[in-house]
Amino acid sequence: MTESTAASLLVVSAHAGDFVWRAGGAIAAAVLRGERATVVCLSYGERGESASQWLAGKDLDEIKQIRRGEAEAAAAALGADIEFLDLGDYPLVESPEAVAKLVDVFRRVQPTVVLTHPLADPYNGDHPAAARMALQARVLAQAIGVANSDGSFPSKEEIIGAPPVFFFEPHQPEQSDFKPNVLLDITEAFPKKRAAMECLPAQKHMWTYYTDLAIRRGVQVKRNAGPNLGLPHETMGEAYVRYYPQVTGELA
Amino acid sequence: MTESTAASLLVVSAHAGDFVWRAGGAIAAAVLRGERATVVCLSYGERGESASQWLAGKDLDEIKQIRRGEAEAAAAALGADIEFLDLGDYPLVESPEAVAKLVDVFRRVQPTVVLTHPLADPYNGDHPAAARMALQARVLAQAIGVANSDGSFPSKEEIIGAPPVFFFEPHQPEQSDFKPNVLLDITEAFPKKRAAMECLPAQKHMWTYYTDLAIRRGVQVKRNAGPNLGLPHETMGEAYVRYYPQVTGELA
Amino acid sequence: MTESTAASLLVVSAHAGDFVWRAGGAIAAAVLRGERATVVCLSYGERGESASQWLAGKDLDEIKQIRRGEAEAAAAALGADIEFLDLGDYPLVESPEAVAKLVDVFRRVQPTVVLTHPLADPYNGDHPAAARMALQARVLAQAIGVANSDGSFPSKEEIIGAPPVFFFEPHQPEQSDFKPNVLLDITEAFPKKRAAMECLPAQKHMWTYYTDLAIRRGVQVKRNAGPNLGLPHETMGEAYVRYYPQVTGELA
Amino acid sequence: MTESTAASLLVVSAHAGDFVWRAGGAIAAAVLRGERATVVCLSYGERGESASQWLAGKDLDEIKQIRRGEAEAAAAALGADIEFLDLGDYPLVESPEAVAKLVDVFRRVQPTVVLTHPLADPYNGDHPAAARMALQARVLAQAIGVANSDGSFPSKEEIIGAPPVFFFEPHQPEQSDFKPNVLLDITEAFPKKRAAMECLPAQKHMWTYYTDLAIRRGVQVKRNAGPNLGLPHETMGEAYVRYYPQVTGELA
Amino acid sequence: MTESTAASLLVVSAHAGDFVWRAGGAIAAAVLRGERATVVCLSYGERGESASQWLAGKDLDEIKQIRRGEAEAAAAALGADIEFLDLGDYPLVESPEAVAKLVDVFRRVQPTVVLTHPLADPYNGDHPAAARMALQARVLAQAIGVANSDGSFPSKEEIIGAPPVFFFEPHQPEQSDFKPNVLLDITEAFPKKRAAMECLPAQKHMWTYYTDLAIRRGVQVKRNAGPNLGLPHETMGEAYVRYYPQVTGELA
Amino acid sequence: MTESTAASLLVVSAHAGDFVWRAGGAIAAAVLRGERATVVCLSYGERGESASQWLAGKDLDEIKQIRRGEAEAAAAALGADIEFLDLGDYPLVESPEAVAKLVDVFRRVQPTVVLTHPLADPYNGDHPAAARMALQARVLAQAIGVANSDGSFPSKEEIIGAPPVFFFEPHQPEQSDFKPNVLLDITEAFPKKRAAMECLPAQKHMWTYYTDLAIRRGVQVKRNAGPNLGLPHETMGEAYVRYYPQVTGELA
């Protein structure tokens, strides 16, 4: 369908840990295929997702450093590049300036696939805010008349195409109107996802939780791929919502 | 994901002409790839979609013959096999017996992909009735405890897997809650679709209508695949709704 | 709100095993509170949910007996009464006669709470068929002008009120548009649910699957009840959709 | 489910009168049970809901005083505390600063139940704006890393839990996608609601309108609680949408 | 848009009383404009909506006669013709034969507007069943190849066009997903509607209930037509859902 | 329903060209009936919809001038007044100040009908931003307590009523959840729409695209207005979504 482009995965994550739990399998799988993967964290999750560190008496800068370090380690375990926009969390405030920074990222990374949060999450307003900014930046980055954040205009090569966008799974999927239309087999990539999870020691109980979820989504991978006559349950999965229609030359 | 199986496309069509207008491109594309395609028409559309022949004074049997002949010619133009269940139309009445006949078809054809009507159509109740029967038959055909219509039980090889189902486009898509999540590029296959349409001479004004629709869906193919900087508008498309989640090893 | 009535839970289950996996916790909890619980299985799941027995060469009657025995054992483990309408499965065919039998059950059991399947399930048409019949029977059983299935008319005492209806969780919740609005704490009842699951030996891999699901829903019980500061993860849950509005004297 | 906490109802109202018409029954019922109720009005409704006073030639400050006095009288009639954030109306502008003030309110009031407007209202954009800010503040107030508006950090006791949120009824419910899932019996509390309504003399025609609505919702209370064999129509009701799933130990 | 046809209103009512409460204003208004109105009652509501008569010891035939007499009186008060298909209620069973009788009605009446129940009603399955049959009959009646119920084929004049369909208001609108998109001013017609209601003496409490509803919908008529600066509340209304798109030469 | 007011159509367009492609028929039809039509363009579409001019090396001001000139010519071809708020595009940023300018427009134009973009468009965030501002301005303009942008207060005559709002068709309707409920016959007005389209020479391929769309919507005009027995396909149409309920004295 599209001319041959180097595959490039861009993951827009509201907080420093989100990409690990929800999209670690997809990221590791892309890297295993030899593709480039880039994670951009809009904040460190320093206020809203670091309760144990606050309770331990750390201050804001310390917490940001801890979270940054953990996220860098997790990205390394997955084989992904990572960068941080440090926009603040709880709330993550949307602004034209923040979107402009993301436009720069899109143009630099030239993503062929984009992953981000879904547009609804009654438990965490930062997640849909991140998604809205990622979607807006993706559209603006396509336009040759939209300047870069330094005021320069992009060349024809610097604007981006229309990469597909996939929303990764929120913590409470049904409450967030998350109805997966893509089930990704991450069986091979799972050990790397597990290793990345283990880079986040403060949330040890989540390691099991997201391993169980991968098993559960793996069952659905099998259910939707064929009959289920007592096969062993070793397939691991992640669930996604494709936002734009799939463009394809073959129904399958 | 699935073990290598010979690709086999099954199209369940309420009336004799539906598969041509709505899925001719997908059928021709499958045949062009060397796959097998089978169309099963639940009725001839003899009462509800043959107004000009009734006005011309034909009787029921004559009309059924005419419609059958046209559908066979169109299927031949696409390179597909075709069969007719002759269940009657307007209304197409759902029954366990009709579904059992479809179960036989599914087990014989062993489809790897299924196409049928969407589940809502305020203008034609036969279309959702066909879809409901196709979906029910697909599930029953998976079960080793469900007998064939002759009372025999299927072997482990005769039951089917879980082939993906795609709904093809209804005549008034928005009114039928049809929100495409797959846009199929049928540029190469289109001449065969056009030839098949021309096998239906009583609906000559539809030739243009569905050619224009293919252009329109082709524009969306391009819009969803990349930027649109004055490219020529020659891409042809068909729109589909994937009913079950896509199972994949790679987001793309 | 309602005059004091002896609490009576009625569970309408399409197949013999459904009530165990999906509602075993609610059933056991009711029994633990000293309430009566009645399960009515519309079929044994003999064709659609007994693949391993068909593969083992059993015939239809043998399979029905096996399934009946397992379901009786599971009901006993939960402390519930159980009855079987033997309407056949795959497909479970809806009919006025089948509904009339359910009307009798409703009038005999006088339920104060009703549990059944949700109205959508793309993977199993028997489940919504069971739900539609349960809902229809509940309304018909309220009407003094609707005869019992033996032709007699009910007295004023024999008709039922308007018991709340809860849909229990389908196997693939998001695909079945299942958005829970009630999260039930089944921590105390869970050992009985586990014991009931272990009465179904042919589906041993499901024991773990539904234990993991109870943990997952338990996490949501805690998330929706208060803050989550590193508490142990021992709460077990089941998810439900309340179909009619809750009637209450107090918002809580 | 939750440890024993003093019940505390918090009502977030866009304009000075909203809480009376839409939630007066729930407020009075809470007070009658001995609970604390607090109303916070984000604005006085001085521009958008005071047409008769503008026509009478009052100026902005006079109108704010009149509205404030009426709202204080109505709150007193219900037995509730009331406070005013004076954020301006038509439009009620969302901002991080306004949300921060609400965070303070949540932490001070420690609500066990929260009432606010629904998220859609095509007739009045201030209502969904109030709801979005209330929901955001409720989540931020839970986080120990989110500072109070004076820059201090909350103690572990000052952050809040996860109180349930109920949306009260908008003026045109169907147009606002308001599908009640809780029907509250306010029969006993209604005289106090009526007294509160009568504190708003400029909207005398609303007294009858909202009394009729209470009767109408009362009919639904009875319809959803049991049979309806010619009973007198004296039950009064209010309708609500519960936003998060109900957490419970018993289905009822 | 359409060639000049004599206006003809057809109302398809599941039970004998439904058309009065829900569409009496539209019927009376059409008659006041000099148009023809025809009501077809699919059943008498003899089982499901005649509790007081069953409690009074009447038998089935007596109840049907009473209900028929009341409905005839109400239709006369509105100025409408009425006929009865006596298909039975609770449940109203859908069948090709019942639909065929309705096809005859559509072809005889040649409606320019059709009113019926909405497609969802969790409290009464007969209402959506009536709607489904009315919608199916409307489509079949358009087809020249669909025979009349006596086996004869229609002439070109006997088939019908595509009259708009409006769903009238169910008893619990929000629970039935009833979101009105048409608000009908019935101020002038209301005295006739009230007179028709008073032909149904067994449901005296409904006279007030539906008068209050007309006032409530009248308030919405005014709200959606212009500003609301203390006008008297005398406008009466009925709410409808238009099922097919409005076809018009002018946006207004 | 409403007192006699001079008909006045107001079209709120995000970019300079939108009103031509999507609402040119409705505008021309209004002018042909002798009504006044006013277009307000919030931006020129200078960044996001002027790729060919950027590629040709024009600068921002030149592009704005070109776009303005084309839009003025197109408005003249339709017979409409046009004004420009020059708020900038890609992104079109929402602000209270921008809304206040629109409030002034609403009060000056006194619209009896309002056209704007729909509330969802995954391909262009400026479109829903324009719609949100138009809807907010319409409500604020109704309130006598909301000042004009110069600080003066409106008289009773200067505030507006509650004109109906229609959303015009987005480029990818199904993806934008656009389900038309009004189909407008623009057959007579189409030559003027075509002439207006031809004022936009840079988008010549769109002339055919939107002519084909008018044919397609014209087919639906006919389908929804009556039977379709081989009539010539010359009707031209535009599709709209009515946002507020239609208020009418007659169902038709």
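Labels A, B, C, D, E and F are assigned to the chains in the order they are written; within every chain, residues are numbered from 1.
Basically, a residue touches a chain if its C-beta (ideal position, glycine included) is under 8 Å from a C-beta of that chain, and two chains touch if they have at least 3 such contacts.
The structure presented is a predicted model; accordingly, all values stated were derived computationally and were not measured.
Common neighbours of chain C and chain E, listed by label, are B, D.
Most remote chain with respect to chain A, judged by CA-atom centres, is E. Repeated interface: B-C and one of C-D, E-F or C-E share more than half of their contact pairs by residue number, and that pair is C-E.
Between the interfaces D-F and B-F, more contacting C-beta pairs are found at B-F. Rounded to whole angstrom units, the spacing between the C-alpha centres of chain D and chain E is 38.
Chain geometry summary: the mean Cα position of chain C and that of chain F are 52 Å apart. Counting partner chains per residue, chain D shows two or more touched chains at residues 51, 55, 123, 175, 180, 220, 223, 239, 244-245. Remark: the chains found to touch one another pair up as A-B, A-C, A-D, A-F, B-C, B-E, B-F, C-D, C-E, D-E, D-F, E-F. Residues 1-2, 9, 26, 29-30, 33, 112-113, 115, 142, 159-162, 164, 166, 180-185, 220-221, 223-227, 229, 239-240, 242, 244-252 of chain A are the ones touching chain B in the complex. Across the complex, chain B meets chain C through its residues 96, 99, 135-136, 139-140, 143-146, 153, 156, 243-245. Taken in their complex, chain F has these residues touching chain A: 46-48, 50-51, 54-55, 60, 63, 90-91, 93, 122-125, 175. By the touch criterion given at the top, residues 51-52, 55, 123, 171-175, 177-180, 205, 209, 212-213, 215-216, 219-220, 223, 229-230, 233, 239 of chain B touch chain F in their complex.
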